[in-house]
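The structures considered in this document are given below.
Two complexes are shown next, each including subunit A; its partner changes from subunit B in the first to subunit C in the second.
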Partner chain A sequence: MQAARILFRRELQAIAYAPGSHVVAAVFIVLQGVGYVAALRPFLDSPQSRGLLEMFFQGPLFWIPFLVLVPTLTMRLFAEERKMGTMEMLLTAPVRVRDVVVAKFAATFVYFCLLWVPGFLFLHLHGWVSGAPPVFETGALLATYGLVLAMGAMFLAVGCLASAMTTSQLAAGIMTFGALMLLILLAQLPPTLGQMADPVQRFFFYINSDAHLRDATAGLLDSRPFVYYLSGAGVLLAATGYALNARRWRS
Partner chain B sequence: MTKGDKEQTGSTAAEKSAAPDARASLHGAVQMLLAVVVFLLFNILSCTNYMQRDFSGTRIFTLSPVTEQVLGSLPEETRIVVAFATDSPVRDQVWRLARTYADARPGIVRAEELDPLRHPDAARALARQFDHVFRGNAVLVIQGEHLQVVPESALEIRRDLPTGESEVIGFTGEEALTAAVLRVAEGKPRVVYLITGKGPWPTTIQGTGAEVLRSILPRTNAVLRELSLDDVEEGLPEDADAILIANPRYDFSGREIRLLRDFWEQRKGGITVLVNPDVPTPNLDAFLRFHGIRVDRRTPMRVETTPTGPRKVMEVPIRFLGGGALTDRFINTDARLPGTSGFLEVDTGDDLRSRGLRPFAVALSEGPYWAESRPHDPRPEFDPVEDVPGPLVMIAGVERSAIDDERLRLSAARMVVYANPHILDPHTLSQENVDFLLSALNWTMDRRDLIGIGPRQPVQYRLTLTEPQRRLIHYVALLLLPLAALITAWLVHMRRRA
Partner chain C sequence: MSETGTTLPQAVAPPPLVRVEGLTRRFHRRTVVHPLDFEIRRGEVVGFLGPNGAGKTTTMRMLTGYLPPSGGRASIAGCDVIHDPIKARRHVGYMPENVPLYTDMRVKEYLRFRARLKGVRGRDVRERARHVMDECGLSAVRGRMIGTLSKGYRQRIGLADALINQPDLLILDEPTNGLDPNQIRQAREFIRKLAGTHTVLLSTHILGEVEQICDRVIILDEGRVKAAGPPVELIDGLRAAGIVRVELACGDPEAAIEAFHEVEGVRLAEVDEAGCEEGWCAFVLRAESGLDVRENLARLAAARGWPLRELHRQPPRLEDVFVEITHRPGR
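Moving on to the complex of A and B:
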């Protein structure tokens, strides 16, 4: 664990001292800002039956930045190290592959969490500026952010796996984006296919990220998506470790 | 060592190093397989063992105890097919509700989506099976060969706007869906007879109380029929589960009272009475008194001071008393009895006990109300000699053979008496009064836990910002924070260069 902690610190420093990280943050803040302003507009015109959270987190202004952000953060993690040959050096040091994977993932996840802080602040901005009560339920806010972070953990783990499977950052990014799109579109199949057996239908609901987000923004805190995303992140990180080890065994 | 020996030694070393690698690879593969198995097991368990917490403003993910009870008693698989076009504004809400039903009774209740336009084959198959014609959006509740259809209009309450459009002011999805599930499970609806011929029910622009009652009873799988006791010779109709006597202006004859008594005592039929506080009905009053409830027609009121002088307030806020299946769910309900009321006195004498009768107060007046004997006085004041101080019993109930044994309780006869006849008047109708009346009717019909489920009022989020406030938000969200991140990026870049 000591090695993992040191690697984690090193990874965080690398993120903090990379100008690109801050540029990514700036772009993501702008996109969140645009999403916030767009979500706020209907409330200024007339009373709304849907809360600000539902407006902010549903629709393309949430999903597109989210699905682009994850590959951007993860594509370099292992692919870059392997391309530059630093991965071999790292793995000959007295650290286990598991430590490397956990440290890199944890650092990226912390950065990912920090990127959502401005959005969290935006949701309170109109209240601070005008003194108006929030236009959402506080419990729903916590449920939504909890879900977004859990979802992010699994999606980042998908990115880690993709990055471990190739030496090309671009290929890793495309693979991650494709896998996430597939995951999200797959869950949309039931309405398209029509009637299907109950267990199959339940399976599709279980993995439906859009439905999870809709429920959370409406105020439902459900343990099932959390188990799905967090256990999914775990198994994908294990697969990442396996993929890195497999390359060592082959070479 | 010869070249051949060297080659042999090299290949042996390679084989030696390849062997642990193969083993590690195998171990890795097994570990990976185990991780996948654990992942699958975790998620399969999570599907059936999960926790939910509802943070929504109107508790949209929480089903009422009534619905839970109805779903809990379903004996066989029930399908809830949400046949809505994707562009319907309430589709998401209805679908979410159907899923909540399915989650509440997994394996028995199944939620399905069907867009008849996109899946005409599936729609045609359903239509053929149940001889159903798809006309607009609807929810289909299917159990075996039985089908109940809930049209979109039954899922929401709309109000017409002056502009000619309408707005949704309440979502009655749970109420309508539970009623449909109940209908499909119970089959034949219960029958409530409204006793007519005792004076007309006051008619208002919005209609009569009978019309209101006719529209709300189907929510609990019951129907309203009218009955004049003049037309009855031997006994009340066989299909009568309960009767409602509302605002009688003329008294009941001895024969009619006997019919009521037979219905109550022998057939264990439910009776609900909305007493007319203006007109004495000696025979009906005696019937009620015989069962432990005395009607007093002095008027509950209070006087409030206004800038134009004192004003009499007849509308009585009431507080439900706990301790019974009839009222427990209403303890914190803020209900009011509109218009003029009388009040009731509950007799708890030993002779009633010996006859197996248990009369009890259901709701009391709340606040500084007293029963005034001269309500028409311009400046009424409480007179301890002539008037009765509050709290006053406004609703009372009677149970016959009511003992704790669940099996015997099933054969109890039940009666509820209101000291107010205006709760169903369309212009003073309130959700609380409708809920409790449905509850009372169901209680008298021995469906004690089946109360009306009120509609959920949609939460309306409003926000007002001045132009400078708007501008400030735009600056902060679109300029200030992104700029701060960019400046940090530039500083980091400069530091790295340095």
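Moving on to the complex of A and C:
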């Protein structure tokens, strides 16, 4: 665990010093601002049937920045290290593969969390500026952010796995984006397929991120999505360690 | 066993620092390292030689626990590199072949990071980093980004990294690879200095280096040990020990070669075309070990009435051993 802590610090530092991560952050935050304005806009003309939170965490203005952000954060992690050969330096020090995976994931997740802070502030801005009572409940807000972070954990783990499977950052990025798109779109399938058996439908609902988010923004907190995302993240990170080891064991 | 009482002298001998037993590695069903056995005692400096692709790097990677072996066992200071890799690695300072480094870190930052990773704690981190930077001549670039440094400095960082936690065993994979002659000399001096206090396993293609600093060499070819022992012993054991250069004036070089072959102790005689000029002919002879053929050659030249203007014996070098063992026609 000591090794993981030291690697975690180094990884955070690497993120902080890389100009690329600041560009990503800037673009993401600007897009969040755009999304916020777009979500707020309809309220100026007439009362809306849906809440601000629901409008903000929905549609392409939410999903596209989200699905682009994840691969840009993760594609570098292992692919670069393997390409440069620095993995050899890491794994010949008294360090376990597990430590490397945990440290890299944790550092990326921390940075990912930071990127959501400005959006959080936007949502409060409205209340602060206008002095009006908030247009959403605090519980719903926390549920939504909790869900977004859990979802992010799993999506970042997808990115970790992709990055561990190739030495090309670009390939890792594209694989991650493709996999996440598939994950989101798959859940939209049932309505187009017509009648389905109940367990199948329940499964599709279980993995429907869009629906999870809609519920959370409406203040409905369900533990099942959290189980799905967090256990998914765990399994994917274990697979990442396995992929890194397989490279070495192959004979 | 109940014989411990009678075999006391053996029990007193310290166990080897490195023990390799039947170590094997395959890549895609091609065997790259065949069952390999050797030991390294504490304090030894062992040169690991062999042509490109012999399996030196692969073996070193298995010793450091980076590559899992396909078979066999290896242990360092009693720790098995497969079952107890973390403990085994604590005893090893490894400098990989092309010294991969984080280019986005500063030298001192990187070395402190490596020190912490290898278990150096607290105030010792800075202390050790400063110490190895001084030792390896890195003090002048301590604040520079690693990405902006020349190859020579990167090699030094690799060496400093290997030394940082004062390991028992140094495994250096071509530490002088890509250095200029001055730096090679410096690096060699440095390794020689380390030899007093460390156990070293180093691979290199510069054989003069090995002759000067290694107590023992292991020559590997196609994944098998072809020869092992102190350099002098290997040289002494060489069949074609020594090369003799002869320059004389004779009408027919072929006749001279025939005559040379008659001389006792000459194994092989060839015309050295480059050395022939205006009636003078140059020959290169390979002599059998332990025999000085120069006297016989001088007598032969006198008997035949060939004017002789050069008769020079080059003592055999490790390079001759290496070529003899690993050379195959057509490669």
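One rule holds in what follows: the second predicted complex is superposed on the first by the 250 of 251 C-alpha atoms of A that agree within 3 Å, B and C clash if a C-alpha of one lies under 4 Å from a C-alpha of the other, contacts with A are read in each partner's own complex, and residues count from 1 in each chain.
One rule holds for everything that comes next: a residue touches a chain if its C-beta (ideal position, glycine included) is under 8 Å from a C-beta of that chain, and two chains touch if they have at least 3 such contacts.
Just so we're clear, the structure is a prediction, and the values are computed from it rather than from any experiment.
After overlaying the two complexes on the shared chain, residue contacts for A:1 are found with neither subunit B nor subunit C. By the touch criterion defined above, A:19 lies against subunit B but remains apart from subunit C after alignment on the C-alpha atoms of chain A. In the superposed model, A:85 lies in contact with subunit C only, and not with subunit B. Of the two partner chains placed around the shared chain by superposition, subunit B is the only one that A:231 touches, whereas subunit C remains out of contact. Using the contact criterion defined above for the overlaid structures, shared-chain residue A:96 touches subunit C, although it does not reach subunit B. Residue contacts after overlaying the shared chain place A:52 against subunit B, while subunit C stays out of touching range. Residue by residue along subunit A, subunit B and subunit C are tallied for touches, and B comes out ahead.
Legend: residue contacts after superposition of the two complexes on their common chain; A:33 is shown touching subunit B, with no touch to subunit C. On subunit A, the surface patch touched by subunit B in one complex and by subunit C in the other comprises residues 17-18, 249. Here subunit C touches subunit A in the complex through residues 25-29, 61, 64-68, 70, 86-87, 89-90, 92, 94, 96, 98, 100-104, 113-114, 116-119, 161, going by the rule given at the top. Contact residues on subunit A toward subunit B in their complex (touch as defined above): 16-23, 25-27, 29-30, 32-34, 36-37, 40, 43-44, 47-52, 118, 121-122, 125-126, 129-130, 132, 135-140, 142-143, 190-192, 194-195, 198, 201-202, 205-206, 214-215, 218-224, 227-228, 231-232, 234-235, 238-239, 242, 245-246, 249.
By the touch rule above, subunit B contacts subunit A in their complex via residues 21-22, 24-25, 28-29, 31-32, 35-36, 38-39, 42-43, 46-47, 50-57, 60-61, 86, 92, 96, 99, 110, 112-115, 118-119, 121-122, 168, 458-466, 469-470, 472-474, 476-478, 481-483, 485-486, 488-490, 492-493, 495-496. Those residues of subunit A lying in contact with subunit C across their complex are 2-3, 6-7, 10, 14, 17-18, 84-86, 88-96, 248-251.
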